[in-house]
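Alright, structures below, take your time with them.
The following pair of complexes shares a single chain, chain A, combined with chain B in the former and chain C in the latter.
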Partner chain A sequence: MTSLLLAVLWQVVQLALVLALAPLLTGWVRWVKSRLLARRGASPFQPYRDILRLLRKDVVLAHNASWLFRASPYMIFTAIWVAAGLVPAFTSHLALAPSADLIALVALLGSARFFLALAGMDVGTSFGGIGSSREMMIAAFAEPAMLMIVFSVAILVGTTSLAEIADFMVSGTVGLRVSLALALIALIMVAIAENARIPIDNPATHLELTMVHEAMVLEYSGRHLALVEGAAMLKLLLYMALIACIFLPWGMAHPGDGVGWALWGLVTFTAKMAVGGAALAVFETSIAKMRVFRVGDFLGGALLLGILGAIFLFVSRGV
Partner chain B sequence: MAFAGVAILCLLLLSVSGIVLARRRGGDGLVYGGTGMVCAVLTVWAALRLAGGGVDEVVLPLGLPWLPAHLRADALSAFFLMVVNFTGATASLYGWGYGRAHHAGHGPEPGPVLPLYPLFLAGMNLVLLANDAFVFLVSWEFMSLASWLLVLANHREEGTGRAARIYLIMAGFGTACLLLAFGLLAGGSGDYSFAGIRAHVPTALAGALGVGLVLLGAGSKAGLVPLHIWLPLAHPAAPSHVSALMSGVMTKVAVYAIIRVTFDLIGEPVWWWGGAMLVTGAVTAVMGILYALMQDDLKRLLAYSTVENIGVIVIALGMALVFKAAHVPVIAALALSAALLHIVNHSLFKSLLFFGAGAVLSATGSRDLGRMGGLIHTMPVTAFLMLVGAAAISSLPPLNGFVGEWLLFQAILNGPTLPQWILKILIAVVGAAVALAAALAGACFVRAYGTAFLGRARSPAMETAREVNWAMRWAMAVPALLCVVLGVMPTPLLRLVEPAARLLVEAGPFDGRAYQPWFWLAPTSAVGNSYNGLVFLVAIAAVSAVLGLGIHRWASDRVRRSIPWGCGFTEPDPAGVTQYTPSSFGQPIRRAFGATVFRARDTVEMPEPGDVRPARLTVRMIDPAWAWLADPLVRLVNRAADAIDEIQFLTIRQYLSLMFFALVALLVLVAAIQQWH
Partner chain C sequence: MSNLGYDAAHLLGALVLMMSFALLYQRRLSALLNAFTLQALALAAAAAWQGYAQHSHHLFITAALTLVLKAVVMPVALRRIVARLNIERTIEPALSIGLTMVAGVSLVTLSILLVMPVTEDATALTREDLALSLSVVLLGLLMMISRRNAVSQVVGFMSIENGLILAAIGVAGMPMIVEMSIAFSVMVAFIVFGIFLFHIRERFDTLDVHKIETFRGESQ
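On to the complex of A and B.
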């Protein structure tokens, strides 16, 4: 019983942690990027100020916006927040871990995208439509690639539960695997696409013809925009935590470990995010954005890597 | 059993009375009401039978003197009876409301629909109860012909004639294949009762041919690619409640035929039968949803999406078959319960979506997505229920579509334990195909829902649309509610299908589990791989409550209304012409996926500067199933018909000699076969 109570407690801490850390991660990436471009850059804490300011502003709503447009930011934020809460960050001892596995997590992110794309079409401007349509095309490539990654990892570990994947990986019995390397590369590619980062999409752009994510949310303002932006920040943290949880789970606390281990988990998690954010910034500054129709080639490559990884495992296991 | 017989007799009586009542005031209420009641009662009866277990057989002295009709209700029949009659009940309610709505405006007259509607349902019920090949095929034809006539109900509408003709040809082809399949599987004994077929062990070749013929025969009815060509023409042409039955339920009766033969009648399966089903299913799923993504006609889009869902169901069945062949009943049961769950799910959300499309059609007179838009403002209830349907069919958690897909993925994850290495690779690729189909389904329904219900009106009819009547709304609300309930609590349904799974693969969906608390799905082991929709939903609700309270407490809640940002374009735009159209929404996917499959090409005709003509965008696509299979076949049939036409104008003497020589040729053939044996 105390174990369950502790799991609930860690779950709540986890939800609070991702919420608190997500804007900092985005701010950190922006700050490192500016430094690399020889600019001074805003403080890494700027996103907190942005969100607070947006929350205080009025909502400007198009005349024909429906209830779906107003409800979507809440649904998107909730879905991504719950999804981020499911990824073990500092401990794999989470209350929600057995009720939703990696497949459910991918599907939950799919729900968020579904409503985001619908909201993009609600007001009926061309930008919303262009963003939604491109977002769904990217998803059509990214989601199967993501599931192939899930398959590779799940077959290797024997479970789709994220907490158990982390526990298994940290036990060190996996060793170096070709399939895991393929899955890691594919997951990084999917993460870049899903988070609207360069080279798929430019998170800093306001040039309508090249953007995907920004085009969809162009009509949002005030608290709605704050939620949508916050959800995007959470999603970036989620993907980084996911990569850390599957491929670098060292330093994470496990069921049965004490509070000290959990604190150590917090430290290592923050360090991992800092390194990951810096790596993303370096990657983004060293590469150019690609044309929209090259996205298919990029993510098709990710899908192929994912399938290859899964096939290697399908063939090698159980013979 | 007697009970089901009486119910089917009631349906036949309702059909006869439909002829008389069609012209009377309130007659439609009697027929639809009666049909709905019979269906509702049959649903409950089937569910109780399923829960109670047991097999009920009866031999009726009907038909030829030495060929009595065998009927039987086992767990599999009961499961399908439940699915068919539940949708039958909601469709009856909807059909009644639909008829009312149509008194005002467009749509079919009730005259031809009323007598045929109960007949169609009776045919489907009889197929599920049949226990010999004769009753099966006769009821199969009953079902086909009644639905064919229902397709013709709107015969004045353009394209209906063609749809009906192609449907008739495909239905004939399907029945012929099934006829041959039963003949092969029964062997030379001449015992065509299912018990006789079950007892007869076919040779390897006969078994393979039998499976192939059933996949062709029932597959053409279910809509397996490339035999799906009739389906997107015929399903939308019928009145909407019949479309819902055809797409949501009649395809399931075809799936029943596939299950009955491959899992029950034919005996011990061979692994590559399942492999063939996996390949067919994967091609069907991906092609079906890609076709759907290119459609501008809402009902046709839904029909193509049925093709996709049938593909997913056949994939799950193929998985069950390969695991059955490998003697791993626990995983076979997992895959089979994924298939059965998806059958229920699809019958729910597809009927809901067809009802919604019918509601839009009756309120606006349009099925063309390119002319819709903004219906969420004028038809709020329909829009909300359609949103539930669209989310469920896109397999979003915590709705029912997701649970079925989750179970299927869990079965796929067990692929590596199979002994055949080719199956291991195949299953990995099939898994990717399922994921691709699911992602494309999401895109498809964002496109359909977004262009029909969101945005601004693309034609004046959308602004004057009114919400549909209560009967139609309730007919949509019931399946929508069940989509949520089954998504959150799928375990009771899985327990209900347990006898059917046990009958077919000798294991239930819960056999592999080490622990069985309520509402947990943990199909293969005690650790990991678990899903709990209820906890999931509670977590989502709690988190969104915290979020809502936080925003309410800390954020400004003032709202100002303004014109949307059009990048400087501030002219009034009443027709919504600056919006993205459905074709422009589909363009990136058309370009990424359709360039090779459909050889899709966009050509832009841009007038010279100064010229006031509008620019023109033409999209050209080729449906490979038509280009490579159907069209050559049609040409062949036409040529053969022309050749045979020659003998229509012979003299009596020539006819007599023709018959004489034909007789001699046949006798020689028989003699040769006798000699050879």
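On to the complex of A and C.
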């Protein structure tokens, strides 16, 4: 009974934690990036201020915006928040863990993207349309790649439940595996594409030739924009937490561990996010953005790595 | 052999294979040569690790040879050729990059399907190394047929040889003389290639073999 109560408590803490940390992570990445470019950079806490200010502002709507346009930010934000709440961050002892697996995660992210693309087209501006079409092009490559990664991990561990995967990885029975290495690289590539980071899309640009995510959300303002931006920040945290949960679950608390372990899990999780954000910033400053038409090659590479990972599982299983 | 030894060998072998894919993916000759250098480094690491894990010291010589010849001498020489011919940016794939990658994955699958049933009584490490090295060889061949530029074909040839070395270090008890002869025949082939490239260039004013194919006239 206490175990169940604790699971519910950790689940609530987890949902609050991702919400609280996501803007900080985005701000941290921006701060490290500007430091690397020899600029002073805004404080890592700037995204909180931005979101609060946007929340206070009025919403300006195009007169031909339908209900879909107004409902989408809430749908996107909720779907991504729930998805982020499913990824075990500091403990795998979560109330939602049995019902939530990797495939549910992919589905939640997919529906969020569906609404974002629809909203991009709803007002009928050309930018929204081009952004939606590019987003769908990226999705058409990124989702199969993501599913191949899910399948290779699932074949290896024998489950798609994230909590069980984390427990399995930390138990040390799996060792170094080629499939896991391939899946890790593929997952990083998918994460970069999904979060509109630099080789695919520049999160800081408003240049119409290159933008994908920005083009879709150009028409949003006020609290809608705050929700959409918040969802993007949550998504970045989600992908980093996912990578940390599958490939670096060390320091995470497990069912049966005390509160002390959960606190230690919080510390290690924050440290992992800080390191991951810094690594992302270094990667982004050291690489140039690619042309939109090369995105297919990039994500095709991710898909290919996922397939290779699954193929190599059969070699390893032949032991 | 300990589990770690096996896992690390597998991982290093896969790294060599990944660099083969990286070779197929590149669009510029300078990036291609970087990827080739990385593949040679991975191969040297794999050879050194096998030498340590199998306690066969002659593999350290293989590792050192790979390191010096493949990772330093040949890339530097190729870079000089590329700089002298002034062709840093030309790759000219005969097949689109995406199609090449798809073909590459099919070749890897093929080699796994081929090696697994044939080597059922061998140790797991040997089987995997054979599957990986056959893939590297096939990808090198793919590289040679899917590129029009003669320099990238030379790189494809070198990566075939990397696959052969990978096979040689994976099989316990492969005599040193075989590896040496492979290494030196490739060295000789490399020198011949280098001379040929200059001659082709002088004669035809291009390294695009597609243009050379259609060249019939003896006198112009």
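Odds and ends about this structure:
The rule we apply is simple: the second predicted complex is superposed on the first by the 314 of 319 C-alpha atoms of A that agree within 3 Å, B and C clash if a C-alpha of one lies under 4 Å from a C-alpha of the other, contacts with A are read in each partner's own complex, and residues count from 1 in each chain.
Keep in mind that, in the parts below, a residue touches a chain if its C-beta (ideal position, glycine included) is under 8 Å from a C-beta of that chain, and two chains touch if they have at least 3 such contacts.
What you see is a predicted model, and the numbers here were worked out from it, not measured in a lab.
Of the two partner chains placed by superposition, chain B and chain C are both touched by A:Phe314.
When both complexes are overlaid on chain A, the residue A:Gly110 reaches chain B alone and has no touch with chain C. Of the two partner chains placed by the overlay, neither chain B nor chain C lies in contact with A:Thr285. In the superposed model, A:Thr270 makes contact with neither chain B nor chain C. Among chain B and chain C, the chain that touches a larger number of residues in chain A is B.
Using the contact criterion defined above for the overlaid structures, shared-chain residue A:Val82 touches chain B, although it does not reach chain C.
Contact with neither chain B nor chain C is seen for A:Ser34 once the two complexes are overlaid on the shared chain. In the superposition on chain A, A:Gly301 makes contact with chain C only, while chain B stays out of contact range. In the superposition on chain A, the residues of chain A touched by chain B in one structure and by chain C in the other are 296, 307, 311, 314-315, 318-319.
Considering their complex, residues 373-374, 376-377, 387, 391, 394-397, 402, 405-406, 409-410, 412-413, 415-418, 421, 424-425, 427-429, 431-432, 435-436, 438-440, 442-443, 446-447, 449-451, 454-456, 520, 527-532, 535-536, 539-540, 543-544, 547-548, 551, 554-567, 576, 578-580, 584-589, 591-593 of chain B touch chain A. On the side of chain C, the complex with chain A involves touching residues 3-4, 7-8, 10-11, 13-14, 18, 21, 25, 97-98, 101-102, 104-105, 108-109, 112, 116, 124, 127-128, 131.
Residues 15, 55-64, 66-68, 74-75, 77-79, 81-82, 85, 96, 98-101, 103-104, 107-108, 110-111, 113-114, 117-118, 120-130, 132-134, 136-137, 139-144, 146-148, 151, 154-155, 158-161, 164, 208, 218-219, 222-223, 226-227, 292-293, 296, 303, 306-307, 310-311, 313-315, 317-319 of chain A are the ones touching chain B in the complex.
Touching chain C in their complex are the following residues of chain A: 175-178, 181-182, 296-297, 300-301, 304, 307-308, 311-312, 314-316, 318-319.
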